[in-house]
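Each in structure tokens, the structures are laid out below.
What follows is subunit A paired twice: with subunit B in the first complex and subunit C in the second.
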Partner chain A sequence: MNEERNNGQTLLSVRDLHVHYSSGGEMVKAVNGVSFDLEQGKSLGLVGETGAGKTTIAKAILQILPDHSTKLVEGEISFKGRDILKISEQEMQAVRGKEISMVFQDPMTALNPVMTVGDQISEGIWRHQKVSKAAARQEAIKMLETVGISRDRIDEYPHQFSGGMKQRVVIAIALACSPELLIADEPTTALDVTIQAQVLDLIKELKKKHGTSLILITHDLGVVADTCDRVAVIYAGEVVEIGSLEEVFDHPTHPYTIGLFGAIPDMYKDVNRLSPIAGLPPNPAALPEGCYFAPRCPHATERCRSVHSGLERITGTHFVRCIKNQQEG
Partner chain B sequence: MLNKKKMNGSEVIKKTEVPGSLPYVWKKIRKRPLAMAGLIFVVGLLILSFISPWICAHSYKAISMREAFALPSGNHPFGCDELGRDILSRVLYGAKYTMSVGVFSTLISCVFGVILGAISGYFGGKVDNFIMRCLDIFQAFPGILLAIALSTALGPGFEKVIIAMGIAFIPIFARMMRAKILSIRGAEYVEAATAMNCSTFRIVVRHIIPNALSPLIVQVAMSIANSGLAASSLSFLGFGVDATTPEWGAMLSTGRAFLRTYPHLCIFPGLFIMASVLSFNLVGDAIRDALDPKLKD
Partner chain C sequence: MAFLEIEHLKKYFPSPRGMVHAVDDVSFSIEKGKTLGLVGESGCGKSTLGRTIIHLLDSTDGVIRFEGEDVTHPNKQKLRKLRENMQIIFQDPYSSLNPRLTIQETILEPLKLSKRFDKDSLEKEADRLMEMAGIEKRFRLSYPHELDGGRRQRVCIARALALMPKFVVCDEPVSALDVSIQAQILNLLMDLQDEYGLTYLFVTHDLSVVRHISTDICVMYLGQMVETCPTKELFAHSYHPYTQALLSAILTVDIHKKKERMLLKGEINSPINPKPGCRFAPRCPYATEECHQEIPLHEVEPGHFVACCHVKEINQL
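Entry: the complex of A and B
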């Protein structure tokens, strides 16, 4: 219902985001000019290999990058029309956890082992909504029931829950203040397949109910297909292909995206070996000069190795970063 | 989907079954006779020490030269010292000195150590370097030597001993806390708390320190024993409390001159020092085992 009403309004718009770390004297370019938009009530999947910079993008949005090693955060992240990279830390505090919240990857470590789940859920409510502790607790009980956990478990500690239930608690914490944007960083990676399905269903259901927008970070294309409206494929800290679910899944265009789909075994073919993309992602401290994917690309030419391509529109909302497509269209 | 029956079918778990909780630790300790004996000894001795002026037949400071060096007898169960003072009354009365030095100096080193260690571990960088190098200077001296230097500088007196011992043991707590906090600081739940917009103070006090408590509790129990012992050593060496105080170490020190002829002057205070240090160590051991999730019955 909410989804319909809010359709078309841009909630979050990231423009040319750069994040550099320093590590052991080297400059690590983790995110290099990422841009994307997210409409209210919609969901965007960020797909990419380990180390592609997906989590860094999420942390940059929330501004919880580690102080000591982060050297540069540039670009524009506009949330509801405000550039949140420019606002003060105090203003950001009102956004963090209340308007944008995050579900972390591993529920085993994302919960504090010496606090009851009730305290952990009500902590956010109590901090943001200026209500009494008792009222926050009531709210926490409601949240716990929303994610399908019985109210009499509120005073239990995280170790008394199973993995899937812990992730439910983490989701309850993230949704406790009914944020407008939920960032889920590989919410199902640490869970086994049956629990994965339950957690994804839960996220989808809650998203529908509250009209929350979602950024889902994953390396599982199946999860994206199940949950997202739009997909952005991230490689070496930049978007190499972005488009609606149909556009990207039906017409994968960038050689990297094609490679990703190729790496998924076909259910109907009898294959003995998976076909991975050859080579490794580039070292973010020493990125190649031209296209970042050129060293692994089966179609790379001399020009690919010297010219760094921009994102170009192919059709509708489908953009690809590859000079091959520029030449053709 | 949201109403899976299995998920709601939880049974209530008793407090004593939650590892790490106080009732659980208490239950574990109760199962260890040695630890219980230690606990009873320490608590009993403290109570006796405070009520000793009313229950002992002789005052701890009453001098009676006729009874000097009296051997243990029905009237004086532990005998008398070189001035004819009743050793039993002195040992009991003195218990509170040795133990309160242990407890209060540990309190000082624990509080300052935890604060310094937490700041050092959480903020890292230059702050960490500065604090740790200062503590390195302290640690360059053996603990007892540092305590001697400090108590010489502060002068004699009961409180001075506590302060000297307290300062001397700060680095142990600070280092332990720092190491523990370094490992917790990177935990995802700390990051999650940041993402929930908790203040730095709240993150440290509510999320990090409680997770670092179990080694701290053990360190406290061990440290009470150690600094009690060190305090006795100080008085034995003639620093620390003044000679008239019936502190156990001081009693040993005076008794030493008559060790060959009247050993009972040293035997009783010595036995009590040993027994109370042993008791604290036994209790500390039991708490450590109770808090260690890998050691299941």
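Entry: the complex of A and C
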């Protein structure tokens, strides 16, 4: 299975995705023309700060955006060659949880408090795989052990588990039907560092074993460095820089990416002052003209404030959305 | 004379299943103008310790000395005076501001209570504090919900520093903020320390933040201190197996520095009526029978204290 999936074929291709929703009478432009590809068996990190639109992208892929407030979902999301934005809800139900599944940030709220963890893991299995409930339970026990929880805890309720264990249960649910694509939204943000290390190692191991492709959403560049092959930096609902881990981490090029790296206290270097990014992210209901980052950018010129740059290749698979870099070549 | 000294401090909470040993026999001292970083994972008692020191919680046992004076059990009058000198900045700037007070009212509150200022100079002082914390004047009459997390935390800082305290407990002050904002607040705290000679107890789970801001570090595990030394020393060579695991679990952005990760088994155990001996033993790869005995913190190298009975063998000292 591993080889089959590891042949460099594109599993997911997102093209020019736009998502707008209404909030408090305003039109919020959460995602503004996002495009990226994900190859089979690979992992892509989506990095950005609160409100950058990372989670909205994930929800758009799974089509779980709230109906009442979502005003526009446009573009193409091609999964195994099929545009899943165009299929019916019924067809999508067969994809969701089986071919694409998601791990949410907060394991405390992602689990149903009045259902045993065993029932929660086997629910997806018997729904998608048309097996008996007894067989699904056997499978659930196997999943529980895969994520490192003893089988005799299968009939316990979420409140009987610690935070790290709950996140393992959430991962077990997500991986129960061996999906081809796992979307993990800040899977370790709510966890302590030593538990974070355990959970990330588990995700990497399962990815290797089953050839699962991964989209990892995080604000933590360290998590990306540890887990991802490619990285896309998201700012104000746009990809501002995308490339392989080496391309982006060794040669961060967009001023926002450079700013992010400068703002992190380094474990191995003595820096007297951190260099924060001045100002705040723009209000997605009132995005500026020109480059969205220009109001905070130390290099911004008049042109930056009027021209909205496209994503341009600088080397290999490394793309940046900044007119200054394109001019300098 | 140390600026702040605590000796054998304990804080227990009763619970239906027994005594929660949140802080169990912790001693340390901080020199004036320095920052002590208190690190550990959730539930290790670091916040409780911070709150007990500034008397938001009453200690169960032990001594707290502030500027040489025993302040463990202050009377009402003394406590009031003490609070002017000891302040706290909380983790969550969303829940630690009164939603019905404007920014100016929030900052004025401690000033009014202190009775140090007359009516005319009150607002001037509030303006000065806002400027000091980097809050634009236009937010004077705004309410907390109109501000983003970074600005709210600035308001909390302005409020905490209103009466020019000498000692401030910073309880995870940047954990709820985005990285770019986090750096702004860390820089502000360091600038204020330089300018006013403040002493900080900086409570955090984030070792890279603590390395940046602290002069000394205490590592806590389940209510006890396991290792303490100057910051530089800890990052150069840590001796306690828990500290080593903690350090190895930190993810770095340097993709070429592949390091061995020391994975810990299991999770933190319960702080309710803990068994005697090393509390880290159930997760420790080096644990033996000996670890079930009480192990006090002892000096391994000058200024470097570790609570581990196998410290010599593990580190080949």
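Everything that follows uses one rule, which is that the second predicted complex is superposed on the first by the 318 of 329 C-alpha atoms of A that agree within 3 Å, B and C clash if a C-alpha of one lies under 4 Å from a C-alpha of the other, contacts with A are read in each partner's own complex, and residues count from 1 in each chain.
The rule is simple: a residue touches a chain if its C-beta (ideal position, glycine included) is under 8 Å from a C-beta of that chain, and two chains touch if they have at least 3 such contacts.
Keep in mind the model is a prediction, meaning the values are calculated, not measured.
Peer 1: Superposed on subunit A, are subunit B and subunit C clashing or fitting side by side?
Peer 2: By the criteria stated at the top, subunit C and subunit B fit after superposition, with no clash.
Peer 1: What is the angle, as a multiple of 10 degrees, that the CA centres of subunit B and subunit C span when seen from the CA centre of subunit A?
Peer 2: So the C-alpha centres give an angle of 80 degrees.
Peer 1: Return first, second, both or neither, reflecting whether A:127 touches subunit B, subunit C, both chains, or no partner chain.
Peer 2: first
Peer 1: Which partner chains sit in contact with A:17 here, subunit B, subunit C, both or neither? Use first/second/both/neither.
Peer 2: neither
Peer 1: After the superposition on A, what does A:173 contact: first (subunit B), second (subunit C), both or neither?
Peer 2: After superposing on A, A:173 lies in contact with subunit B but is clear of subunit C.
Peer 1: Output check: A:165 vs subunit B and subunit C. Expected answer is one of first, second, both, neither. What do you get?
Peer 2: After superposition on chain A, A:165 lies in contact with both partners, subunit B and subunit C.
Peer 1: In the overlay, answer first, second, both or neither for which of subunit B and subunit C A:146 touches.
Peer 2: In the superposed model, A:146 contacts subunit B only, not subunit C.
Peer 1: By the touch definition at the top of the document, which applies to A:97: first (subunit B), second (subunit C), both, or neither?
Peer 2: first
Peer 1: A:154 contacts which: subunit B (first), subunit C (second), both, neither?
Peer 2: So A:154 meets neither subunit B nor subunit C here.
Peer 1: Should A:219 be classified as contacting the first partner (subunit B), the second (subunit C), both, or neither?
Peer 2: In the superposition, A:219 touches subunit C alone.
Peer 1: For A:193, using the defined touch cut-off, is the partner it touches subunit B, subunit C, both, or neither? Pick first, second, both or neither.
Peer 2: second
Peer 1: Nearest CA pair across subunit B and subunit C in the overlay: distance in Å?
Peer 2: 5
Peer 1: Taking the contacts subunit A makes with subunit B in one complex and with subunit C in the other, which residues are shared?
Peer 2: On subunit A, the overlap between the subunit B and subunit C contacts is residues 165, 198, 201.
Peer 1: In their shared complex, at which residues does subunit B touch subunit A?
Peer 2: Residues 1-4, 7-10, 12-13, 18-20, 124-125, 187-189, 191-198, 206-207, 210-211, 213 of subunit B touch subunit A in their complex.
Peer 1: Can you tell me which positions in subunit A touch subunit B when the two form their complex?
Peer 2: Residue positions touching the partner: 62, 64, 68, 93, 96-98, 101-102, 104-106, 109-115, 123-124, 127-128, 146-150, 152-153, 156-157, 159-160, 165, 170, 173, 198, 201-202, 205.
Peer 1: Where on subunit A does subunit C make contact in their complex?
Peer 2: It is residues 49-50, 162-165, 192-198, 200-201, 219-223, 225-226, 245-246, 249-250, 259-268, 271, 273-277, 280 of subunit A that touch subunit C.
Peer 1: Could you pull out which subunit C residues touch subunit A in their complex?
Peer 2: Within the complex, subunit C touches subunit A at residues 41-42, 148, 150, 178-184, 186-187, 190, 205, 207-209, 211-212, 235, 245-246, 248-255, 257, 261, 263-264, 267-268.
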